[in-house]
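One chain, subunit A, links the two complexes that follow: it is found with subunit B in the first and with subunit C in the second.
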Partner chain A sequence: MEKAALYHFDLTRYAWLRRLLTSRWPQFILRAITLAGFVLVILTGFIGSPVGSRNFAVMFVWIAWWSALKLIMLPFGGRAWCSICPIPMPGEWLQQGWLVKPGGKMFNLGLRWPRRLRNTWLQSAGFAAIGLFSALTLTTPVVTAWIFVGLIVVAVAVSVIFEQRSFCRYLCPMGGFIGLYATMAPLELRPQPGLTPVEKGAAAREWPRGCPWINNPAALKANANCGLCLECLRTESGANMALNVRSFDAELGQPGAFRLDEAFLSLGLLGSVMIYSAVFQGPWGALKNAALNAGSGAWWSFAAFFLLASFGLLPALLAGASALVRRTGNLAQPLQMVFTLFSRALLPLGLLSWIAFTVSFAFGKLAYLWPVLSDPFGWGWNLFGTASVEWQPYLLSATPVIETVLLVTGLIWSGRTILKTAEQLGVRGERRWAAAPVLLFALAGTLTMLWLLIG
Partner chain B sequence: MEKLAKILVVVLILLVAAVPLLGQQIIAQPETIELRARMPENGGWSQEFIYGLVNVPIKLRMTSDDVVHSFALAQSSLPSVEIFPGKFSETELVFDQPGEYTFYCTRWCGANHWRMRGTIVIEGPASSDQPTSVPPLFLQLGLDLDAPHFARVIPSNRPESARASERTNALPDGLTDGENIWSKSPEALWKDLKADEDLDDQSVWDMVAWGLNQQGSSGWMGQGRELYTQNCLACHSESGRGDGVMVRDLPPMNHDKMGSEATRPPDFSDPAVLLGASPALLEGKIIRGGMGTGMPYWGNIFTSEQIRSLVLYLYSFQMELEERP
Partner chain C sequence: MTLPKFISILAKPILGLTLAVLALTAPLSLPPTQPVERYFRIEASQFAYSPGVLQVNPGDQVTIDLVATDVVHGIYIDNYELQASADPGQTARLTFTADQAGLFRFRCLVPCGQLHPFMLGKLQVGPNQLFLRAVLLSLAGLLLVLWKKPLSTISI
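The block that comes next holds the complex of A and B.
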């Protein structure tokens, strides 16, 4: 209990905050606003200027939202964005017929998501697909609009066919990314410590109504599975749930299982950020052209390289490093277990790499946002008097320093977690050096990112 | 409460959807035309035709979807407007005569840059003082632009107009007739003068250079150089050898196989090429373009004066010409 009190602080102990969180209206209003923003993105993408830097769709989604997600919401709030994401809203309305009132059923077959697909493979595939077209998506408003329309259509279709928020849990490409890195967020929704079996049972009885993310709230252990929708707080046994502030390391620092699909997603995301950095920050014009010209021969080569490097080469290298650790450390656990646990230990490096990559372009391009706020369609409007604000990069000289600090922090954090994981696997005492191959893997990843971002 | 939530969502979405409609009505200027520039391989100008009325301003708001382009109005002295990716450039055009006006890109934006052209169609009443057009000289003379025209008589030294200008008091009458000079190749002019004048060969060549020099209006040298640099250099090259960056991979020109394959342009550094071509013939080639050679037509792009300056500038590859003070 002492340890739990040290690392977890229950925010819902404050009555006013619990009231605020249990009321559906604040969250609903935020979601309604983000839905309106979502519609504006689609509109500007389709009928606004095709010049990315002058269009709200590109600037708001890929500069403002995408940066804010990685720099603030994800590292500090975990799945905070999922809490106010508007994508499931239309489908949920159709599915249950309500927006702020619980329960109900309108158009819903209520099927359970296929057992074989209850993992992150589809989310990995979706994120990789977006990555393959990233150069086009991040610069072309109409492509961004089509992606948003596609997300809404798929989310609505899944809501009608399957139960609850199956789309968010198993299909949303961003959901996989956010969920995996939310493991390190200092915010969690968990059952109150020391619940009696009766109290746990009460929560379980309310499942799944009490959790649109199809969890048993009383058994919630991982941020990846919790969308912070806060519905469990609003059930009759909601008092048994708590929204905690915790240390960044609270979940990752504990022994935990990691599935093979999660391991591949972890390494796929690490590989993706390296390729994103090479394409967007590197000096290689041919690579940029290949990434941009979707469908061309060069693009197919780029796509093959992207997939092989992210989901083939990196897993192969880590599997090799894991095999060395297993052999030199005389570990009895199967290789798959060693590999998956080490890929889990690399999550901090992955997250900090994404943050460093975001820093590399977010501050440089932030100034494009001001004209777009006054002229979202790029039609020559000047709603707030900022249409003529000239572009200028922010924090230009500080950016390499910030990136280096972030990447070194990621390396240290991952290094610590690798050593802790090795210890949990049985690599102790004089055999501690056996974890060196995985440490070297993390070091190589960090140096690669430093080279790509700083040169 | 549930009803209120649903109304709120619908109202918010409708409000957002109304933004472009209301904004267009309240804020946007309806006469502004957005013109997007793209490399010809990517679609060229977003509008091939722009329609307007006589004496009604056309406001263009331009941006580039790919590389740097430049908007220019053909046969006009209006300065070109640079178009940068991610930025908007604006210009306003007013036409006092109905007709079709060509606009084009003046930046070498890609391999097919010269195809980047569009038309502004202006309708309305014509003013009475519209000048009547005279057919260019090459049509009046019925010149065959594609016939070989190599000079057989070549000067031993580079002709210089300055040397001849020192003898202006003694210049023959044939050099004061502009149409005579414009219709004859330098070689033909040299032969005429040589038959009439008792001068050494080089002095006659200097006179030919002087005669050509007199055909340009004030500032022709600078104008010709600028036009050549902007529009011809990529193929004809800075030296005039016809080995510019756009044609380096092509074989040299072969008159016996004209039209059978793409070749480099003629070599202006070869005296036989330019001294056998009359100004009228060069003017015709510029107006019409090189049929089947890939050279674009410039007749609807350049003014007569601009073409004249360019023709004279071409002779500067073989002669020392200088602008009149």
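The block that comes next holds the complex of A and C.
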């Protein structure tokens, strides 16, 4: 029992914190600020300097926000960003008829999301699309602005036709990425332990309609689909919900199910980070130009390679490794189950690879940020006196060591999880060597990332 | 949670981290090589250096002629903090002694187009020790995972 107390610490036991979270205003103010930033990004993207490294939109989104998300918000707060994300706000205002708090029903058909699409396939596709155009997006302010306008338009359209935050749950490309890796975050929103069936029943009746992410909060077991919107804390039975700090491994270390679409997303994200590393941190100019010139013959080859490697080759290799484990370990479970559970065990490797890539990427580029903060439009302003700060990379000697430590941590964490998964599948004791093929897959992934980043 | 308990939980990761950093950074003196003069002619074009990877030994006297083939390009060698830039069709020369061992990126210094911030190459001075050690550390990490006591004790 003490162990459980150790790994789950209920933050909302402090009345002041619960009050702070239950009030909609702090969150609203944060979201208003992010919304303002979002509008500024769109504005500067359209009318600011067309040079990416001189434009606030590109620098702010792809250096500051994207790095902060991967280095801080996601690994420590899971879906914390979704809690303050401005993208669904306009749609929610239409749905609830008021800015801050749910009110009457306004412009909303409230349809349920099509059953066949209640998975992460569309999110995988969206993330892959961002990857295919990443060299263009990262360097062209207008493209970044259009992507943001597109996200808002689609989010509003979806929120008018479908119920709640269907966009977030099933469509947002960032949402798929964040949700998958939120499994390893040390923060969770969960029902209080020991709810009686009556309380659960009452909650179940009250919450499913109230939860914007279409969960039943009283039965919540995983982080993936809870957007930390905190609305369930604000219902009548909100006292039954808690925001817990937990160990990083609290959810992943437990047996869990994984669907085929999630397995492909997990491997697709691992493949994507390898390709991002090669394009942006490698010395291969032809690859960079291929990625940049969308529509050219070279770009089509790049696109085909990207998709085949991330969503074809990696899954095929892991499926092969899983088949070997199944054979040598004498497992009775179907191959699909073995494959999906092992791709879940590879989540730490994926997350830590993304973090290591970000470390290698961000500190070399951070100095581009200071001038654009003072001169967001590239019009010669100097708001904070930093407009002419010269570019220089930071922490040069430390970053390769940090990247290595991160990647090896990912390997060890995934390795432990692979062994636990194998054990859960029935590979026990001395036979645990049967898990070697999947461990080798993880090792190969780590070595590839090491080679791309520091080799 | 009591303080000693908290410390005992943190002890292992901190110890592991310290050992890992030591294993990655502890200086190891290799037998010195006879310094030689090295000459490289690097053609810089949007958005690549050719050749993109330079290999020298510690102590070598290195001369780099940077030729810009299309627009203005520069070169900035990380850690060495050396820089030069060349106008289109022109050559700029960098001369230095490779006195720091390891792998260093060099980057374009002059905004030269869309992918300018990602235009880079690598200068490798001596063997890439960090990479080799990282490979060994990965293997050690995996063996540690495998050889630990059977995991059955972990509650599932």
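Following the convention adopted for this analysis, the second predicted complex is superposed on the first by the 450 of 455 C-alpha atoms of A that agree within 3 Å, B and C clash if a C-alpha of one lies under 4 Å from a C-alpha of the other, contacts with A are read in each partner's own complex, and residues count from 1 in each chain.
The rule we apply is simple: contacts are C-beta pairs under 8 Å (C-beta built on N, C-alpha and C of every residue); 3 or more make two chains touch, one makes a residue touch a chain.
Keep in mind that this is a model prediction, so the values were computed, not measured.
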| item | value |
| --- | --- |
| Partner chain in contact with A:Phe28 - subunit B first, subunit C second, else both or neither | first |
| Contacts of A:Leu40 with subunit B and subunit C, given as first, second, both or neither | first |
| Touching partner for A:Arg344 - first (subunit B), second (subunit C), both, neither | neither |
| Which superposed partner A:Arg79 touches (first subunit B, second subunit C, both, neither) | neither |
| First, second, both or neither for A:Leu396, with subunit B first and subunit C second | second |
| Which of subunit B and subunit C A:Arg246 touches, first, second, both or neither | neither |
| Subunit B versus subunit C as contact partner of A:Trp379, first or second or both or neither | first |
| Partner contacting more residues of subunit A (subunit B vs subunit C) | C |
| First (subunit B), second (subunit C), both or neither touched by A:Gly52 | both |
| Residues of subunit A contacting subunit B in one complex and subunit C in the other | 51-54, 368 |
| Interface residues, subunit B side, partner subunit A - complex | 1-2, 5-6, 8-9, 12-13, 15-17, 19-20, 23-24, 27-29, 32, 34, 36, 61, 63-65, 85-86, 88 |
| Subunit A residues within the subunit C interface of the complex | 5-6, 9, 51-54, 135-136, 139-140, 253-255, 279-281, 283-286, 288-289, 292, 364-365, 368, 391, 393, 396-397, 400-401, 404-405, 407-408, 411-412, 415-416, 419-420, 423-424, 428-429, 432-433, 439, 442-443, 446-447, 450-451, 454-455 |
| Subunit C residues touching subunit A - in the complex, by the definition given at the top | 1, 5, 9, 17, 20-21, 24-25, 45-50, 52-53, 78-79, 103, 105, 107, 109, 111, 114-122, 128, 130-131, 133-135, 137-139, 141-142, 144-146, 150-152, 154, 156 |
| Subunit A - residues contacting subunit B, complex | 28-29, 32-33, 35-37, 39-40, 43, 47, 49-54, 89, 93, 98-101, 368, 376-383 |
